[in-house]
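Shared chain: chain A. Partners: chain B in the first complex, chain C in the second.
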Partner chain A sequence: MLEFIGLLLLFMVIAAIVAIETRDLLAAVISVTAVGFGVIIAFFYMRAPDVAIVPIVVEVLILVILIRATLRVGLRTFIGNRDFFGMMVTMAMLAVIFLAGIRVFNDFPRFGVPVMARIVDAPSRFYIANGLKETGAANIVTAVLLDYRAYDTLGEATVLFTAIMGAIAVIRKKARKKTTEPEVSEWEE
Partner chain B sequence: MADKGMTPIVKTITGWVKGFIMLFGIYIVLYGHLTPGGGFAGGVILAMVFVLLTLAYGREEALRRFRIGVASELDSIGALMFLVIAILGIAGTLGGKFFTNYIAKANPGTPFELFSAGIIPLCNIAIALKVASSLFLVFILLVLMRVIHDPREKA
Partner chain C sequence: MLYALCFLLFMVGLYGVLVKRNLIKIIISLIIMESAVNVFIVMVGYRKDGIAPILNKTMQHQELVQRAVDPVPQALVLTAIVIGLGVTAMTIAIAMRLYERFGTYDIQEIKRLKG
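And now, the complex of A and B:
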């Protein structure tokens, strides 16, 4: 199991490097999506279909949007030398974070040992024991999302709502107040 | 060119599968409290139906079926519905707390049946309305924005 996850991680790292280094925008978009599908396969392999379904549909939608946005616009990638000083600073920061990360990884619990297996009064133990009785939802993930942790879901919905509101306000063509020459609105059709 | 739609093969197959995709999305939403899925995943699938229509038939056809005003209103209705469900829990007779599952407390249905789990299916429907219209709006805004600002289309 760990070997398969490791191979998947290697594939995702290679795809991410391809996405950064390629000059072709379409290839970059497809490589980013390949990284996403690597995550999805890992979720399925670790038996979390509830978590995996949302990335599948969102990946496909984002792939369509990005291809449609990149192919027709004809954006150009920049070709040039990287800033030497900035790159050295970045490498130094990465080295520090990597060295600190090694210590953290040593303290991690073993793979496949969740929190509720180590801590007796973990909240997840309570949810699994009482979720069906208290909420009546057979799917424990939905019971946690929409009953025990409904505040989180409300915040998530608020983020989406605000993002759409901002996008409509910024991209709208016609001003709300009439200026000197009124333009034909493109949205109301 | 692409705005007028794709080849007749794509259009015909889109016509066949669009109903099934929509049905699958509705199933994912309604059975979110029983099987994997839920409001967010089902809402994205519902939005993909209209994205597929936009790609296959062109944006005029998709906008004729799902107008931007309607999408914007459905977005707000979904958000309001979610909030109203949450705020109703504050009422003293219903439980007294924000997001109390008052229907499941008053009338616990049989688990593993469609009409169970109280407010959870209602919240799923509200989130699905919100997500479906929001993501369709994002897609159509990006498509329209590119058309308006693309100098080659003006020429």
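And now, the complex of A and C:
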């Protein structure tokens, strides 16, 4: 069980390195989707079926959008990274962050002990104990998402709507005609 | 150990964001970082030999209270995944617009053309 999740994470790390280092953009896009589906399998094994169903749709959508951005006529591939001095500073900073992060993970509880088990009055315990009685939902995740933290979900929908509107506004070719301009539209000619 | 692997995945994404020149590669690195963070948050709530926080008819309520994994990280990750989709769509739209304007995805060349 533990070994399986470890192997899955190792596979995801390798796929991520391939996605970043390969020269073919299409191969990179497909590799990043492999990372995404590894995430989905990990969710299933960590007893999170609700979370595992949503990213299937999300991964496929991201794959389609990225392929649309990648398929260009005459797209030049270029090798090499950014300039040398910046690279050195970046690598030093990455090493420092990595070492500091590893020290933090040493203080974490063992994998398999949830955070709520260590806190006496964690809200998760309350939700699990009273979720069915108070909301009538047998699925506690749904109870949290749509009842206890429903404003969070409303905000999520707002953010998604705003982001998609922004994407449409950026991508649109023609601007809307101003009403103050003299009226010469196509169907009047 | 598993937390460290997850952190390694995040660091791979961070390396890509900081080092790569291609805009598509940078967006791919952002997606990788997001996946790593989502897996990590679900991992924090995992209980060994736990069950999904869903009650069915054959189960006593007390068993759910004792064995269920943490539902709050799962709900938050569900929100984060959907918002990640919106953010990714926005970044790709901006990248495509930059390609139409400058004819390249190379950020150094874009910087040079703009002056």
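Keep in mind that, in the parts below, the second predicted complex is superposed on the first by the 166 of 189 C-alpha atoms of A that agree within 3 Å, B and C clash if a C-alpha of one lies under 4 Å from a C-alpha of the other, contacts with A are read in each partner's own complex, and residues count from 1 in each chain.
Simple rule for what comes next: a residue touches a chain if its C-beta (ideal position, glycine included) is under 8 Å from a C-beta of that chain, and two chains touch if they have at least 3 such contacts.
Quick caveat: nothing in here was measured; it's all calculated off a predicted structure.
Undergrad: Clash or fit: what happens to chain B and chain C when chain A is overlaid?
TA: fit
Undergrad: Just to be sure I read the superposition right, which of the two partners does A:147 touch: chain B = first, chain C = second, or both, or neither?
TA: So A:147 only meets chain B here.
Undergrad: After superposition on the shared chain, which partner residues are touched by A:139: those of chain B (first), chain C (second), both, or neither?
TA: A:139: touches chain B and chain C.
Undergrad: What's your read, chain B or chain C touching more residues of chain A?
TA: Partner touching more chain A residues in the overlay: C.
Undergrad: Does the superposition put A:65 against chain B (first), chain C (second), both, or neither?
TA: In the superposition, A:65 touches chain B and chain C alike.
Undergrad: Answer with first, second, both or neither: which of chain B and chain C does A:54 touch in the superposed model?
TA: A:54: touches chain B and chain C.
Undergrad: Quick check on the superposed pair: does A:43 touch chain B, chain C, both, or neither? Answer first, second, both or neither.
TA: The second partner, chain C, only.
Undergrad: So, does A:98 touch the first partner chain B, the second partner chain C, both, or neither?
TA: second
Undergrad: With the superposition applied, I'd like the minimum CA-CA separation between chain B and chain C in Å.
TA: Value for chain B versus chain C, nearest C-alpha atoms: 7 Å.
Undergrad: Can you list the residues of chain A that meet both chain B and chain C?
TA: 49-50, 54, 58, 61, 65, 69, 72, 132, 138-139, 141, 143, 145, 153, 160, 163-164, 167-168, 171
Undergrad: What residues on chain A touch chain B, complex-wise?
TA: Contact set of chain A toward chain B: 49-50, 53-54, 57-58, 60-61, 64-65, 68-69, 72-73, 132, 134-139, 141-143, 145-147, 150-151, 153-154, 157-158, 160-161, 163-164, 167-168, 171, 173, 186-189.
Undergrad: Where on chain C is chain A touching in the complex?
TA: That would be residues 1-9, 11-16, 18-22, 24-25, 27-29, 31-32, 35, 38-39, 42-48, 50-56, 61, 64-65, 68-72, 74-79, 81-90, 92-97, 99, 104-106, 108 of chain C.
Undergrad: Per the contact definition, I'd like the list of chain A residues that touch chain C in the complex.
TA: Against chain C, the touching part of chain A is residues 2, 5-6, 9-10, 12-13, 16-17, 19-20, 25, 28-29, 32, 35-36, 39, 42-43, 46-51, 54-55, 58, 61-62, 65-66, 69-70, 72, 75-76, 78, 80-83, 87, 90, 93-94, 97-98, 101-102, 105, 108, 111-117, 123-125, 127-129, 131-132, 138-141, 143-145, 149, 152-153, 156, 159-160, 162-164, 166-168, 170-171.
Undergrad: So in the complex, which bits of chain B are touching chain A?
TA: 2, 28, 32-38, 40-41, 44-45, 47-48, 51, 55, 63, 67-69, 72, 75, 78-79, 82-83, 86, 98-99, 101, 104, 108-109, 111-112, 116-120, 123-124, 127, 130-131, 134-135, 137-139, 141-146, 148, 150
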